[in-house]
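What follows is a pair of complexes built around chain A, which joins chain B in one and chain C in the other.
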Partner chain A sequence: MAPLRVIGRRLAGAGVLIWLAVTFDFFLFRLAPGNPVDQMSRIPQGSRQLQDQLTREFGLDQPMVVQYVRYLEQLSQGNLGVSFVNRQPVTDNLIDAIVNTLPLVGLGLLIAIVLGIGLGILAGAYRGRPIDHGAVTLATFMYSLPPQWIGMVLLFLFAGTLPTGGMVDQFLIDPTPTQYLADLGRHLLLPALTLGLVMFGQYTLIMRSSMVETLSDDYVLTARAKGFRPRYVLRRHALRNALLPTVTLIGLSIGAMVGGAILIEVVFSWPGVGRTIYDSIVARDYPMMQGAFLVFTVSVVLFNLLADAAYSLLDPRVRRAGAAR
Partner chain B sequence: MSNNDDVSTEVPGAVLSRRSMLFRLGVGGAVVAGLPTLLAACGDSGSSGSSSSTLRIGLTSEMDSLNPFVQQSAAAVIATHMLYPTLLRLEGDDFTVEPDLADDYEVSADGTSITFRLKTKAAWSDGKPVTARDAAFTINTLVQHSGSAAALLAQYVVGITGAEAPDDRTLVVRYSEPIANALGLLTRVVILPEHVWTEPASGDGAGLKTVAYDEGTVCGGQFVLTKYTPKEIVLLKAHADWYGEKQSISTLGFVTYGAPDAMIKALEASEIDAVALLSPSTVGGSLERLADRGLRTQQAPGFVMNNLYFNVNPKKTQHRELLDPQVRRALSMGIDRARIVEVVLFGMGEVAGSLVYPAMGAWHDDSVVPDAFDIAAANEILDGLGLARGSDGVRTAGAEKMSYKVNLASGLAGGDRILQIISDGWKQLGVEVKPNTLDAAAMIDAISAPDGKYLTNDIAVWGFLPASPDPSAVLDHFITDSIGGFNNCHYSDPDFDRAYVEQNATLDVDERRSLVYDMQNRFFEARAMLALVYVNALAASGPKLTGYQMSGFGPFNAVSRDQVTQLRLA
Partner chain C sequence: MSTTTTGCLDVRGLDVTLRSGEGRDLHLVRDVTFSVGSGERFGLIGESGCGKTTTLMSLMGLLGADATVGGEVRIDGTEILGSGERDVRRRRWSEIAVVFQGAMNSLNPVVTIGRQIAEAARRGAGSGSGVRERVHRVLELVGLRAEVARRYPHELSGGMRQRVAIAMAVVCEPRVLLADEPTTALDVIVQAQVLTALENACAETGAALVLVSHDMGVIGEVCDRAAVMYGGEIVETGRIETLLHEPAHPYTRLLVDASPRLSDPGRELASIPGAPPRPGVDHAGCGFAPRCPDRFEPCGSHGPALLPVATALQQARCHLHHPPAEEAP
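And now, the complex of A and B:
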């Protein structure tokens, strides 16, 4: 099949997936208990008139199908709507949050990848030995811990040495780029480390099982039989192939980056997408919820596609199988 | 609204310019790519701008918006009250009304008009004078759009027919009838600059809600805005042309924290100087640790009340035995309120009886005392009503077991422990509790289900904080008109409604107090809502502050700016 057709088919599939997610989210949010009007009109002497006025203002007086069609029309023009809570465009609110989230999740992911893959390689290479058992136990243990708990523990341990919350010291006066960078880095360490500690386990486990599988392949045995040193075999023959499954995981993780890390952002008062999603759900701010989840969906689908493409580039067998279909 | 020259995104006054956004994106990328360099640089983070005249206050409540027509978060209201003048203010522990922008005022003999003489020195941050015309414009805008764009503020202009400014210093506010708390309500009205808000207020006033805030926003209060980053900070600097008493604080920052524990750690680490308000149930166990670290905690009788609400709608479809006040009285006697104070509030509170708080001073009727915890007497009442126990020990009423789903607000600090104590007591009465924890939006839905008809809810546990120290601020929760709003019980009593209107229009304080006492007693006897505990206001500060004053609303609140004015930094 011609590459263009493959790409076209994948993109069309991604489009359908996004539409399905958008539709599901739209109805799910409205069917969940509670609504924004009841919350906002819950004020002293909040009248029925106020409720009606807010319902009209938010367009919630229309049948749900009409609201849905209007939402799709709006989306098709690139308009995510206006937040019910602060009456500012959803796009602006989200851009701020995404810009804030990327450094946190980016660094957290980097820690997770480096730590996870490193431990996974060691565990796979020393299969059945104490280092293997230790790595697997540690990875499983850390992966099972609630992120907010790890965050609180780190916060209690390092408060006073590192900042406890926020993205930067808001009281810095006209910081130079270097000062800003250093300050951001200090604020970034604890939440990113928390995220890294939560996430690295999955990389360790996948990398380990991939290494174990690869190390028992015939070509690895052949290389050993040829008399190559074990470290050389591990690095040049086993590692490259064993890394392939982690490419998919990295792709998915990068896609999920935009979604932030809700509980970690709450614990560390990080003004990112995670907190935005949390706050918008609490307030039943439908436009913000729809916008945030749309960005999240698009990001996951897009990076999944890119991971697939990277997989084909890295593994000729996948490329050939795709071309043969 | 904005005087910001930076290249902003399409919304005027948007908080993040494209230039700074690109800078931050670039910085974010650099951080991810260059971790080692970054770590090396960590030792040189530059000097913080916090000087001896900078006060940093931690909050856990998010600043939803600084726009008074939109904001609902208490923290945001506090900040907005720092930005704008008010005609009057509340001062001291007893919240006495004092002139603020007004030099003096005079209430007409019939109580239907108030004439204010304003200060001459007041100026907006753009240099234009604050005049009576600004005040008249603000009040008339609130009245004109009270049913729509200004609905959130309509409660403060109740009864006002209009305001006029015969000259720059004179303001006359007219009422359709006397309002007992008219002066108190006017302390909540922030005066807006007419020359900025005229356009948003035009037409249907929809523009009032879309005004955004940034460092160029024209203000005229104690402070002006220098930085506003939602979910992060509101940074204010002292307004050079403020008409009030000169203050020692030049910069005031409200920093938002996602978790109370993180905020306390920040205070311990001197990242902030004070925290606005803490929940005793959250930090009550760690007060000694705070004291050991040189932090000071202060408390005062507060305005948070935790309650249990019965649905008393006569049309309710299930558990109709709860419509019987005797059953509700027995259940009230099965609640160990003292244990709630001791266990949940760590002793920082008081058992509650009346709807009107002790913190409201003379308006609270001491004779309204909560039902004593008395399991034997409560069982006697239930037995006498023929509510027999089944084989499992749970009583039955008609064909239904007295087993109740109790809706519990997840945001109620210590709510799960409160419900556990209630459940322990009621178990001894043969009454079963099934907790159902919900967030605020779902809670409102559940209480009024289905579709606002109040038919299926039985019992809810929640708390509330009134907007002002006037008794009307709580009494109005239970008038018939508040069904669909704060009236969680669907309580409807024509005599209570009449008394509410009457007390609201009674200018004689003693006469009004008598009416308020009658209402408290009447509401207590109905036991539609069981007041459980009054929660003390609790706050903490670092060693840098002196003159830190507590009130029932906490040291920093939207009711009074007095506390901030009195603060001094070491």
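And now, the complex of A and C:
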């Protein structure tokens, strides 16, 4: 089975990629200035003994290579270690963070895709008209704004109407599932909207340009010559071909979003992966940093693979070429 | 079969003007008149930029909003120009279909051949019933196996794709079939297959064929009659044998001399000095005069008219045959 072999090879490549990233992260974190013991013992009573004890406990007294081999051994058993800060298994901390991040990324992505692709299609179909100029200007403008700035502007506008931070209302006691979901939704709205506004611009620009390119392709002219309505030609012939580059871009950006909504999660105190990365870096919590960046790496690689798979479903040329090689 | 009788496709005084960005109008096609009978095969020959493709696109109503099309175009006596976008769309493919230049790219890369032809088939009368059979029949007509229907365009060779484009064009049995350089970029063997496919398709459906090419050989092989275009105008029209053996216009003669001939392989090929006029640029006198070896007094100042030469079947736009006697000093 040729396709299976292709998939196998892609997975092996992904494995190597993840190992490289893990190794790079491991040494990078330890070479960066500051160390976890200083961070933790910077309390008034922090004695020399306490520092030495923590260093031994964290295994930081060993040579870096020994630490690395130990880390890989642990990792191969699926053990991500224990957080220096809260002494909980990193895996547990991360699962909580991922569960919290998914709805944020999911809704944010939905907003970005609907807004981005919709606007891109309109701009491409009405190329050169006011709607095109409007869409391109808006997309470029939003894309060039820093995420945390958009977040703060939204906070400024909606503070009071919508909750400004956190995931759930701490004072909601024993909520019914419906109450809980409604509360979560209210908290989710602003950060997800921020994420959507940050992301949609690039989708619009890519979608527009591939739409313009596709609409000038000969098979679109053929479809028009066949006497189909412009809308049918757009939907049946231009759209699927124009979507291809956007699918790749979306795949790339979902991966980055899972770990990369750092600024947004910090602004809105959202306890997700981005926030975990931020907190663990501040505390130099090596195991948490390694774990969080691993999630980041894996999600980028994974969604890349998924985008490739989606691409080959949409484009028969890729499908056959992949199978033949 | 002169241009005065009503054919299946009747084009009279076709004029295409393109509004350019700077407010200057480009007159791309001027006063083009020809008529093609049912089952007849008519050629349009000329160099790049002479208005052949623009003529075809205006017949399909596919020129953009920047283009103004004047004149009359009738299919079976019914005027189709200016009948409204909706009506033009209805006629496309069911009455007038086209095989595009470089049809290798005129197929959607992500849709199977069969579905693309079936989609076209639904444009015609009797839609719905037996679409599958019709798809297989037209594929067979152009010499392709029915199994090609399940393939994607990238899995076929250039010649096969071109034949698919022809099959797709005749699936609704249109009254008029336009073909724009259908054999460009194909090697000679494949070219012959494609032309045979085109001839078979027309013979089977009785469509009037308008074949556009820069290649005198291709036109000579397929067509009964032809028109030579230069600078947006028809400069000579007549039966193909007449054009090849007794060309009346110097440009036609030079075109014939510039094409290789199997009967005379040792002959040196002529080339036409100079470049064709920039599309849409107005000129006093005959458009070909600057490159014409036979030009004389009136050519630079008076534009010649398209008038019969010898018989009514052959017409040429040249002072050599109709000197503007009354205006000469």
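The criterion applied here is as follows: the second predicted complex is superposed on the first by the 321 of 325 C-alpha atoms of A that agree within 3 Å, B and C clash if a C-alpha of one lies under 4 Å from a C-alpha of the other, contacts with A are read in each partner's own complex, and residues count from 1 in each chain.
Just so we're on the same page, a contact is a pair of C-beta atoms (placed from the backbone, for glycine too) under 8 Å apart; a residue touches a chain by one contact, two chains touch by 3 or more.
The structure displayed is predicted, hence computed values, not measured ones.
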When chain B and chain C are modelled together on chain A, clash or fit: fit
Partner chain(s) touched by A:Ser253 [first = chain B, second = chain C, both, neither]: neither
First (chain B), second (chain C), both or neither touched by A:Ala225: second
Per-residue contact with chain A, leading partner among chain C and chain B: B
Partner chain(s) touched by A:Gln290 [first = chain B, second = chain C, both, neither]: neither
Which of chain B and chain C A:Asn304 touches, first, second, both or neither: neither
Partner chain(s) touched by A:Thr204 [first = chain B, second = chain C, both, neither]: neither
Touching partner for A:Asp279 - first (chain B), second (chain C), both, neither: first
Contacts of A:Gln67 with chain B and chain C, given as first, second, both or neither: neither
Touching partner for A:Asp315 - first (chain B), second (chain C), both, neither: second
Nearest-approach distance, in Å, of chain C Cα atoms to those of chain B in the combined model: 29
Chain A positions touched by chain B in one structure and by chain C in the second: none
Residue ranges of chain B in contact with chain A within the complex: 9-11, 14-16, 21, 23-25, 27-32, 35, 38-39, 41-50, 54, 56, 62, 64-65, 67, 70, 72, 147-148, 151-152, 154-155, 158, 206, 209-210, 212, 227, 229-233, 235, 251, 253, 255-259, 261-263, 265-266, 268-269, 271, 438-446, 448, 467, 473, 476-477, 481-482, 484-486
Residue numbers on chain C that touch chain A, as the complex places them: 60, 62, 89-94, 97-98, 100, 102-103, 105-111, 119-120, 123, 152, 154-155, 165
Chain A - residues contacting chain B, complex: 32-36, 38-51, 53, 57, 85-89, 92-93, 95-96, 99-100, 102-103, 106-107, 110, 152, 155-156, 159-160, 163-167, 169-173, 175-186, 188-189, 265-271, 275-276, 279, 282-284
Residues on chain A engaged by chain C in the complex (per definition of touch): 217-219, 221-229, 236-237, 240-241, 314-317, 320
